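Both of the next two complexes hold subunit A, though its partner changes from subunit B to subunit C.
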Partner chain A sequence: MNDWPLWEVFVRAKGGMSHRHVGSVHAPDAGIAIRHARDTYTRRMEGVSLWVVPSASITASDPAEDGPMFDPAADKVYRHPTFYNIPDDIKHI
Partner chain B sequence: MYTTELHKAAKSVDSIEDPDKLAAFEARVAADEFIEPKDWMPEAYRRTLTRQISQHAHSEIVGMLPEGNWIARAPSLRRKAILLAKVQDEAGHGLYLYSAAETLGTSRQEMIEALHSGKAKYSTIFNYPTLTWADIGAIGWLVDGAAIMNQVPLQRTSYGPYARAMVRVCKEESFHQRQGYEIMMHLAAGTAEQKRMAQDALNRWWWPSLMMFGPPDDNSPNSAQSMRWRIKRDTNDELRQKFVDITVPQAEAIGLVVPDPDLRWNEAKGGYDFGEIDWDEFYAVVKGEGPVAKERMKARRDAWEKNAWVREAADAYAAKHDRKARAA
Partner chain C sequence: MPSLPPIRPEDEAAARVRGDTGAFDAPVLEDEDSVRFDYLLRLGDDSLILGQRLGEWCGHAPSVEVDLSLANMGLDLIGQATFFLDYAGKVEGRGRDGDRLAFHRDVLDFRNCWLVEQPNGDFAQTMARQFLFSTWQKLLFEHLVGSRDELIAAVAAKAVKEVAYHEELSAEWVIRLGDGTDESRARMKEGLDWMWRFVPELFEMDEVAQEMAQRGIGADAAAFRPDYDRKVQSVLAQAGLEAPNDQRPILGGRRGHHGEHLGHLLAVMQFLPRTYPDATW
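The block that comes next holds the complex of A and B.
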């Protein structure tokens, strides 16, 4: 027998915050996935909103390739405010 | 970067809407709760926000043009890398904001078409030319400084996706202002000619920067409704005053003079009094009569049309891979 498909679960902890990934559930369809997600991940008022996404729909970057993917940002320190020397007596900047 | 809500008052809340839903909505907003895309909201709220967020997005995108003008002419490799990074950030900010606006039901394509047809507005500040390298300093210091002043309170705006986009934008914007001030600091401490350049840039950008906060409160038809809906958290004049109070000492510290003969410290109010803004100029620029308004829109449309092949090539590439995947 085939197991139900896997769904990734995202919970919004409270209004104004992003949905954050919390884990996954198996379910035969999206509606049931939402109900399983509620019973699995929000039994203690952990959230005000849920998203479920078929796990198979997620395209992930390759962790083995994280160097070529993310290293180009490493030598661009000028993207950070602390790169600039502004004297201490200049306020609010 | 930032854009001011410039349209005439949004029609007051439509009477056809369910009064119970409306009351519940107003109560949630009044309690500083966040409204999320799937929540019920009045049509006027949706319309006003779509306009405000898309104008804000357009301003980020058009805002790349005056600075892009100086990338190839930056005075050193260091300055060039910094300016590139800043312009790249502005593109990113435009994308965050288009995404936030799309959650209200208008597609990015429609918003871009509204910009290119001249129907949508963007911040008036970008219709001024960048004549010298010092203008890049003045833009970072003053224009991004004014933008930050506007955007910081928007991190608590009532619409969740907009508020979250603002959190990212504000975090990234901080280096923009510092690099600009650093440019001004160096020029002001340089040769007499460099200092004159810095002063000239301040002279030209000061008033347009004050105009970025929008019309005075007594002539800002949208303010009351937008404040009530927490789409706006401070009035135009409050933010303008705060900007003047913070910026004047920054100019004085590097020996530059704010070009306003009426500027003086008012001990009683604990802030500066400053001169009258030329609102005729402001409204002319809003209507598209800024010194380089036509040039800006032409550059936008050209970029969109002449680079259509990039979008087409990406589509063709995706279609090819799709075919291969099916065949496999």
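The block that comes next holds the complex of A and C.
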């Protein structure tokens, strides 16, 4: 239905894993959204737990500001653990 | 090719023994397998016919999500029908399997209740039918889990979870449509009005049902009528709807007496295997 709000769907594939975003469904309210998510995304045993979140509740970064948002991270190689040399006699790290 | 099966010598012999009751193909109550075959047809045909009805929505539902919900429920039901009808064929012992029973029987041989053959109507009517049926079917399967017949018990144990979901989903829609806009409320009310007269048949304990219950194979549906009424009343109350006035009950599906709708449903469902009997895909 065109007037039903959109809900983002998150599925936990199995116990111990985190919920992952899989897609979205239209539904009139949260209860039906869970059922639509079940019927749309878990009909082939894909999950053991579901979250639905109103898409309107998600605040997204602005694609027009991609440069200031993400480019500065590009030359900060020292933020990766692999940047550092580990002395050979250190075993457990 | 005629669609009616040929009358064989053994059919004529059975008819002679039965006399003039007009029910020569009724099960023989003293013969457990004869009664069990009839009972399995009831279980299988209920699921088969409602599964086919839900399949008619495919591509026509109000949204793609609802389309999937309806198709999922339909496939659950057809899965149940496959088990019950395959088993019925084994019990009958005449070499018919589930496909043969589903696609090569005529309307008078179907043993489903009237409720499941009712037309889809609009979405509200479909959900009214689903709620009234799934609420009953869940209670039925909960009882059949304890059946003395191990295969019936095993199928019921698997199916009861599927049906519990059908009941929940359809109850949610009864509540939302009943408690929604003026239009959705009017449509749900009309859907319930249409389906209400077919509810008493679900609880009719005729000779076959009684025989199966006494042998510990079937369930005593009359015993869970109060649970059914409580559930229906509770959902209607949440929906802000009154139960329709009791109407003259329509009975007879279990004896092969059906409405005008079932033949049309079968024509669509059976056309392909009857026209191309050896088709595979």
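In the analysis below, the second predicted complex is superposed on the first by the 82 of 93 C-alpha atoms of A that agree within 3 Å, B and C clash if a C-alpha of one lies under 4 Å from a C-alpha of the other, contacts with A are read in each partner's own complex, and residues count from 1 in each chain.
Throughout what follows, a residue touches a chain if its C-beta (ideal position, glycine included) is under 8 Å from a C-beta of that chain, and two chains touch if they have at least 3 such contacts.
This structure is a prediction, so every number in the text was calculated from the model and none was measured.
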| item | value |
| --- | --- |
| Contacts of A:T59 with subunit B and subunit C, given as first, second, both or neither | neither |
| Subunit B or subunit C, by number of subunit A residues touched | B |
| A:I32 touches, of subunit B and subunit C: first, second, both or neither? | second |
| Parts of subunit A lying in touch with subunit B, wherever the complex brings them together | 12, 15-18, 49, 76, 78-81, 83-87, 89-93 |
| Subunit C residues touching subunit A - in the complex, by the definition given at the top | 62-63, 65-66, 68-69, 72, 168-169, 172-173, 176 |
| Parts of subunit B lying in touch with subunit A, wherever the complex brings them together | 33-34, 36, 38, 78, 81-82, 85, 89, 145, 160, 163-164, 172, 174-175, 177-179, 181-182, 185, 246, 249-250, 253 |
| Touching residues (chain side subunit A, partner subunit C) in the complex | 1, 4, 25-29, 31-32, 35-36, 39-40, 43 |
